[in-house]
Every structure is written in C-alpha cells, then in structure tokens.
Amino acid sequence: MKYSIYLSGEIHSDWRERIVTGLESNGLDVEVYSPITNHEASDEVGVKILGEEENNFWKDHKAAKINALRTMTLIEKSDIVVVRFGEKYKQWNAAFDAGIAIGQGKPIIVMHAPELTHPLKEIDGAAMAVTETPEQVVEILKYINQ
Amino acid sequence: MKYSIYLSGEIHSDWRERIVTGLESNGLDVEVYSPITNHEASDEVGVKILGEEENNFWKDHKAAKINALRTMTLIEKSDIVVVRFGEKYKQWNAAFDAGIAIGQGKPIIVMHAPELTHPLKEIDGAAMAVTETPEQVVEILKYINQ
Amino acid sequence: MKYSIYLSGEIHSDWRERIVTGLESNGLDVEVYSPITNHEASDEVGVKILGEEENNFWKDHKAAKINALRTMTLIEKSDIVVVRFGEKYKQWNAAFDAGIAIGQGKPIIVMHAPELTHPLKEIDGAAMAVTETPEQVVEILKYINQ
Amino acid sequence: MKYSIYLSGEIHSDWRERIVTGLESNGLDVEVYSPITNHEASDEVGVKILGEEENNFWKDHKAAKINALRTMTLIEKSDIVVVRFGEKYKQWNAAFDAGIAIGQGKPIIVMHAPELTHPLKEIDGAAMAVTETPEQVVEILKYINQ
Amino acid sequence: MKYSIYLSGEIHSDWRERIVTGLESNGLDVEVYSPITNHEASDEVGVKILGEEENNFWKDHKAAKINALRTMTLIEKSDIVVVRFGEKYKQWNAAFDAGIAIGQGKPIIVMHAPELTHPLKEIDGAAMAVTETPEQVVEILKYINQ
Amino acid sequence: MKYSIYLSGEIHSDWRERIVTGLESNGLDVEVYSPITNHEASDEVGVKILGEEENNFWKDHKAAKINALRTMTLIEKSDIVVVRFGEKYKQWNAAFDAGIAIGQGKPIIVMHAPELTHPLKEIDGAAMAVTETPEQVVEILKYINQ
Amino acid sequence: MKYSIYLSGEIHSDWRERIVTGLESNGLDVEVYSPITNHEASDEVGVKILGEEENNFWKDHKAAKINALRTMTLIEKSDIVVVRFGEKYKQWNAAFDAGIAIGQGKPIIVMHAPELTHPLKEIDGAAMAVTETPEQVVEILKYINQ
Amino acid sequence: MKYSIYLSGEIHSDWRERIVTGLESNGLDVEVYSPITNHEASDEVGVKILGEEENNFWKDHKAAKINALRTMTLIEKSDIVVVRFGEKYKQWNAAFDAGIAIGQGKPIIVMHAPELTHPLKEIDGAAMAVTETPEQVVEILKYINQ
C-alpha cells in the first residue's frame, strides 16, 4: 500500500519541490502527481495542438479542457489532494480542484498563510488538515505512512 | 418535472433577485435555492449557536460547517448549479461550490464579466454555459423549460 | 408509481405525438420527456442567448451545451429512454443518448426500420426491446403499467 | 501512473496505428485498448461460437453482445476514450461508445473532419478535445503525460 | 415517509393478496409493487408485441426483457424487496431478483417453508429477515412503520 | 424543499421530543425520523415475529436485523443524521449509525456532554457540528432552513 | 490488461477444469476465480470455525456468510461472471450470484442445457452470452482477448 | 488476487499481532492494514504537526482528522474490515469504523467476548462473522483464501 497525492494550486513558489524533497529525505514512498506547472505551456496548449483562435475565450477554453484531461484523471487516482493557496492571484482553479475532490468524496489537505483564513473558511472547513508549510504536509504523510 | 437550481457565489449585487424576477415574469416554475446571503449572520452562526471561540480560525471553522450543511444539501438536490463571480473579493467559496458540483457530475452555468475569463478558464471549461447577466440565465432556463 | 420516459432521436416524423396519443387513448399515466424538437431553435439557441460566433464550430458548441442541460437532466430523471432512428441523417445524437443511458445503467427501448438492423446492432444488443412503431412502445408501456 | 486509452470508432483507416506509432516514437508509455477491428470476425463471432441463426437480427444480436463484453470492459478500464468518426457509414456504435463513456463520467477526445461538425455537435460539446488527426491525439497525450 | 416494497417470486399461491390484505387491515400505508403475475401474459408478451419467433429461446428472450423493464424499475424504486420461494418449480427468477437487490445494496426479506432452508442458505444469509408466512411480513412492516 | 433528519442514539432522555417541540414552536417544517425507542419492543421484535430462540445471540440477531430495516431505510432518506450520546451505556449503535452516515457521504451533527469529547473525537471530527443540547440542533435547523 | 472471471454455480461436473484447461491450451492469460467447491467443507465451515449450532438454520447461516466473504469479494474483483446451471438441484445460489453481478452492473455469461431455457429466461435475458459448454466460454474469452 | 484486511478497534491487547502471526504460520499472503496504535502519538499528532491548542476539543479535533486520513484511506482499500471490541473503554471509534465499512458496502468481521453480545447486536447483525479470538479470524481467512 502506497499513498498517492495530488498537489494542486499555486505555481509560483517551490512548495511542490519541498514536499518531494521532504518525502525523499524521510524515505517515504509516496506517489506524487501535479498539474503542468509551466504557465505558458499550459496557456498555449489548446491553440498549439488544436489550432489558433481569434477569441481569447476559446483559446483559454481549449487549453483548460486539455489540462483538465490531466487534472481530473490524476485527482481521480489520488488518495489525498493537497491544495496550496499563495498570496497572489485569484487561484480559482485551486479552489475548483478542492471542490472536485470533496464532490468525489476524496480527502483534502489545505496549505496557506494564516492571513487567508477568512476567505478560505469553507475550504478549510472541508479539509482534514490546514497547514502553512510543505514540511507540515510531509510530517502528516510521514505520520500516516508508518 | 420542475428544474431545481442552486445560485452560488457573489452576495454583493442583486443578481439572485433578477433571476427570480425573470423567472416569475416569464411564468417559469423553477425551484430556486440559495446559500444564506446575510454576510454577518453567516460569519457569526458558528459561535452564536455553538459557543464563543478565542481563535478566529475556529470561529470561521464552526460557521463554515454549519453553512455547509445547507450548501451541500441544496447542491445535492439541484439539477443545475449557477455560479456567479463578481469583480471583488477572493470568492473562493464560489469556485469551491463549482468544483463540488462537477465532482458530483452535476452541470454548472457560470456568470462573470469578460475580464475574468482568464483566471476562470478551468471553471468556464467545465461549464455548460458561460453567461454575463442574470437575464441570460433566465433565457436558458426558459429555453430548456418549454 | 408512475413511469417516466424520455423520447430521444429523430425529429422529422410524428412518432412522439403517436406515443403520447397512444398513452392517452389507453388512459396511461406516464410522464413523457422530450428534447427541443424545433430544429432551428435548437441550432440557434447558443448564439441567440450567449452572443454571436464567427466560427460555426463554436456556434454549434454553445447550442449543444445548452441543449445538453435539458437532455442530461431529463435522461437522469427517466426510468426508460426510448430512442428512435429514422431513415435519414446521421442521427449521432440519438446513438449518443442511447450510450449515455446505458452508461448510467438505465434501460433503453430502440425504434427503427428493419433495414437499419446491422448498423444498429450494438445499440439493439443493449436494448430491452427493439420496436418498429410508436404503437409497439405504447403496448410495452401498457403492459408494464398494469 | 500510466494513462489507459480506448480507441473507438472507424475501422477503415490506419488512425489507430498512427496513434500507436506516434506514442512509440515519442517514447510514451500509454496503455492502448481497441475493439476487434476485423469486420468479418466481429460480425460472425456470435453464430460462430454460439450457433447459427436464420434471422439476421439474432445473428447480429449475438455478435454485438460478445463484442460488448470486450468493449464495455475496456471502456471501464480506460482513463480516456478517443472516438473517431470517418466519412462513410453510419458509425452509430462510435457515437454509442462516446455516450457510454460520458454516462460513466469518463472524458472523451473526438476525432473527425471539419465537415462533420454539425451532426457531431452534441458529442463534440461533451468532449475535452475535438481533433482532426491521430497526431493531435498523440500531442495531447504527450502533453498530459510529461 | 412511506415504505415501498416489491413482492418477488412465487405466483401460484395468494401470498401477495394476504400481504396486501394484512397491510390494509392494519391501516398501513405501504406502496406495494409486484411483477406481472399472469403467467401466460408474461410468457407471450414478447412475441405478442414485437413479433413471432420460431425459436422458443428468442420468444422467451423477448418476453424476459420486457418483463425486466418492469421488474428492474420497481426493484430500483423499492425500499425493501420481499422474495417468496414456493415448494414447486425452479424459481430461479426469484433468486435472481434477490441477487439484484443485494447487488444494489437493497435489503431483502425472504419467505419460504423450513424445508427449503439448506438450498436457500446463501439468500437467507443475505436477508434481514427469514419468514414463513405473509402475516410475518405484515408484522415486520407494522413494526418498522410505527 | 424540506429537510429530513434522522435522530439516532440515546433513548433514555427526552432529547427527541425537545427537538420536535423546538421545531414546532419555531414553525419549522422538517421531516423527523427516529428508530423504535421502546427498548423492550426493540429487543423482543425478532423472536416475537420470527419465533423463539434458545440462544440470546440469535434472539438479538433477529431483532437487530428487523430494526436495521427501519434504521437503514430512514438514514438513507435523511439529509442530515443527528447522533446523541448520553452519559450511560455503551451506545455502540449510535456510533455505528454515525459511521453508516459518513460511509454514505451523509452529514452528521453530534450531541453530547463535553466530558465525552475525548472518546468521541473521531466522530466529532467527522461532524458538521458538535452540540450539547437539543436546542442547539433546533437553532442549526432554523438557521439553514430560512 | 488481463480479464478476471468468476465461475459461479454447479459443483458436480468438471466444467471449471475444462475452462481452465481450455484457457491454458490456448495460452490465454485470464485470472480465474471460483467459490469453494468442496461441498462438505463449505457446509461445515460456519460451525467448525465459529462454534456448534443445534439448529440447522443457524449452522447454514454461519456457513453461508463466511462463504459470502469469498464470493462477494471475488465477484467484485471480476470483469465477467460465468454462471453454470446443471440438471440437478435447486442451484438458487447460482441464480443469486447472477443477480448480484447484474445488480452491480457486471456482465454475465450463462451456461446450461437447452432444456433449461424457459425457467432461466430472465437470467439468459440479462446475459451477454448463453452457452452450453465450457469450450464455448473459452472461445468467447479467446475472441475478446486477442 | 490477494485479500486486504483492515484491523480496527481495541489497542490494548496483542490481537493484531496474533492475526499477523497466524497468517504467517499458515503461509497466507494477506495485506494487513492497521490504524496508528501508539495511543500517545495518535492523541498528540494534531498539535505536534499543526500547532498547539488551548482547548482540548480542538486538540482532539486536529488529531482525529489526521488519523482519519489514514483510517479512511485504508478502509477504502480493504476487502474486509475486522473490528475488535475489548472489555474496557468506550471504543466508539471501533463502532464508527464498522459503520463506515457498512455504509460503503464493505463486509465486516467482528471480534468480542460473548458478554458484549447485547450492546453489540446491531454491529453483529451487520457482520459476516462474529468471532471471539484472533485465531478464528485467521481460520476464516485461511478458508476463503484456499
């Protein structure tokens, strides 16, 4: 038995790397899934593969759906979804992923700075743990993985 | 057969009233569900009923879960979830509700200004319709309700 | 207990009316659901409500999704899905509806001329009854409804 | 984690081979499932194994059900269903497979020439990507598989 | 709240009538569903509505599927499935119905003479109550219906 | 839309009556379900209807299953399960009901004295609200029912 | 991808061995599951492990449930359930297994002599193939396994 | 095929070790899952990883949810849940786990002294076997694992 986790959300800090490094330095055998975190590749994928669009709405639409092929499949295959909210940007896709996990009955761990507690209260309320650092996520995985 | 819709998201404009009025003026018999839209009542409900908390995290936590009793039940009973994003605030709970609906296999209609297209692309990509006004939602309901 | 049926497929003959008339003349209390059968209204609904598109692909896309809001909800609420294939046109949406019903574990009754047996063998093979006329569907409903 | 895909639909061109070749030349480890694409074997399997039938309806019926044992199991085991529509024949079984996937909540990629957009609008509307060539499918799998 | 029960199995004694009479004389408002219990009508329905068959296998096949439209729908709508096994005949359809209910997670009550205990042990083992008379079923419904 | 609640657990105080009275005095239209709370009737029902047992294990077994016909059906039909733990007795059936609700994805509200917090931490942790009095449950229902 | 099949039903002939031999001689890699086919071991297992019973009903009851631990788990893990009915005995457990598979949406293949067609019509009607010999089952598995 | 079992409940005797030893000495390849059985580690995990709490309710709350990440995932991955009740303590979490398994349609084996029969009747009534010793559980696994 090996846990699988999906790391959703913020792509502008190194939190995913810190979780992976932490898991490795603790010798934990956890399957780690992530979305495509290359912002430009992710934005351009729709028109690049399926053809140009004049209207940005459809450009985004095509990209979002190809990314969802990855995202939805990986959330489905995960035991736990970890969702990090950073200080900047709307990050609605992170909240959307959290909802998808909850809608499918899958447990979530949330990570964010304490300042974001109030706007994130609904998501925190549905979470099995509310963390602030990647190291806390590693500690949780270490604990449940003994 | 009577459609049931849940109106999730922004609570600072009159979009819900405009949908209800539009349904009525078109003589459409649609069951309309909403969250508690009184911001203060919603924030205070946890400590008011279940006892004070020193830490705001737990105050929010208690409130979020009581609100979720309503939200989750009503989303479950709806045929379609309409989610509106306004110009202000994080509105992560709106994106979270959209995810819950999609995670349960329930169709969503999204409403937002065109300026929000890029940060909402994942949610728009999963939607059956992306609208800008409450009147468009009424038109859709009128069409499918003939 | 009252059966609910969804009548999917061909829109160029009066088979739906003949089923409804047959149910009425037999005094059968069956809830009958249908898609929007006005071809033009169905094709135009997307751009009419959500705004013009230069590209026909997106025009069709918007229309298809609004129609799916109705179709998917009504299939979900039906006990039995009746799917008729006419002699003309591709009618892929009829075969698609049949698949949706089967994918959800819902029984189907198929209606088509004997000439179409070979290309429809997979759908016929999944059906609880393969009929040729609306009157046969009425007879089946009369029988199971005693 | 390894994606599994099911390649449904047209059996008169080499699109399946081109996908397999494309996956191999890109070094992508994807599990590829297909129906029996030998037309005659597929048509005859019922009477060959289970005994002759005078009536072609029952001959087709027996064959369709044995083929469904394979088809349904493989769709169930796939993460993504790719459905190609060619220029000829009714291909209702392709649309039926697309519906089964959607009815089970499984994502689909559609492949067809632009001329078929209008009759395929409902299936395209439910798809995560609408492609024209096998190479585009390979590109999508390459992208989500990084 | 009103319980719905489906009465499956033996059609050669008056056990269904005795349950209905018992419910009425106790003033119990229970929705009671049954299969078509007219043996001949049930056997002939396939060929009568859908056309003659030379081979009895297909005659039975057509009839069985039309009857299943009723049976499956009513089992689905029931809270409890009551299955009676008589002394005569194979009654495999009764055991089949019991399995369908269990496979769907629906509770069953079994009714049979003590002599049949050994061959029915698997079904009895899955049942919430093993009764011998219709009056015992009425007593159970009276008890849970207070 | 009308909420349905199931009141599980302790049968030695008047907490159910206080919830019902509170709902009535607030004019709240909530469907309230309960198990059979007559201890003796509940213990004796198996042997009374289905015949005597020498071994108490089987006496309890028969009774437990008939009671489960009621309990399981009513939990299934409820939107929210309220579970109260009193000061005395093992009350394992209350914890069992809480687990059944959670296993089915149904929200629970727990009620117990603060002294029981530690042994009930797993159940409290899965609850949407942890209350001490019936009046708090009424307040929650009043709030979500506006 | 490797198919898993469960072989339910008759235990008095060598049909299971003939399927296993046929699979091997055709070089087919199929996972084959079976119930405990040692009649006496199966009947005695309950009292042997869990303690004697005076009443045969409870002896059978204990045995049936332990056997169900195996049966239910293996049916759950199978892609296809093969059910054989022999000429003798009631074999209600075979029909019960067929129902469990159908209730769970799992395909079945039935095997029986033509004389049993009429009493087995409901089960045959739900099957993907009705065979008479183990060799036909092997042929089907060979065909779908290419 | 390899069975997976989850051993829930009492942590003050060596019953888990005796099951593991028994499986090994019988050469049985069964995957065995357990909760964290170090009482103190389990109680402290929440505040240790996620930060101190003044209120014991929240200390327990945080711990319970992290433990649930393990418990819920392992129950989900198990074929059978074994639940042992000891003579001491409330052990509501054991009854809660039993309920979760039943709510998810997963079979349970219960283990307890005969004195606990009456308060455990609901859980025993839902179980596939009621045992008194770890050796009986091993015998059952040996039997179903042949």
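As written, the chain order gives the labels A, B, C, D, E, F, G and H, with residue 1 at the start of each chain.
In this text, contacts are C-beta pairs under 8 Å (C-beta built on N, C-alpha and C of every residue); 3 or more make two chains touch, one makes a residue touch a chain.
Predicted model only: the values in this text are computed from it and were never measured.
Trainee: Could you tell me the least number of steps, going only between chains that touch, from chain A to chain F?
Mentor: Tracing touching chains, the least step count from chain A to chain F comes to 2.
Trainee: Quick check for the class: compute each chain's Cα centroid; which one is farthest from the centroid of chain D?
Mentor: Farthest chain from chain D, going by C-alpha centroids: F.
Trainee: If you average the CA atoms of chain C and of chain G, how far apart do the two points sit, in angstrom?
Mentor: Each chain reduced to its C-alpha mean, chain C and chain G end up 37 Å apart.
Trainee: Indicate the whole-number Å distance between the mean C-alpha point of chain D and the mean C-alpha point of chain F.
Mentor: 49
Trainee: Express in whole angstrom the distance between the two chain centres, defined as the mean CA positions of chain F and chain G.
Mentor: Each chain's C-alpha centroid was found; their separation is 40 Å.
Trainee: Take the average of all CA coordinates in chain D, do the same for chain G, and state the distance between these two points in whole angstrom.
Mentor: Chain D and chain G have C-alpha centres separated by 31 Å.
Trainee: Enumerate the residues of chain A that touch no fewer than two other chains.
Mentor: If we look for residues of chain A contacting two or more partner chains, we find 65, 67-68, 130.
Trainee: Please name which positions on chain H make contact with chain G in the complex.
Mentor: 1, 3, 79-80, 107, 109, 127-131, 136, 139-140, 143-144, 146
Trainee: Taking the touch rule as given, give the residues of chain C at its contact with chain D in the complex, in rising order.
Mentor: It is residues 56-57, 60-61, 63-65, 67-68, 71, 85, 89-104, 114, 116-126, 130 of chain C that touch chain D.
Trainee: Which residues of chain C touch chain B once you look at their complex with the stated criterion?
Mentor: The touching residues are 4, 31, 33, 36, 41, 45, 49-50, 62, 65-70, 72-74, 76-77.
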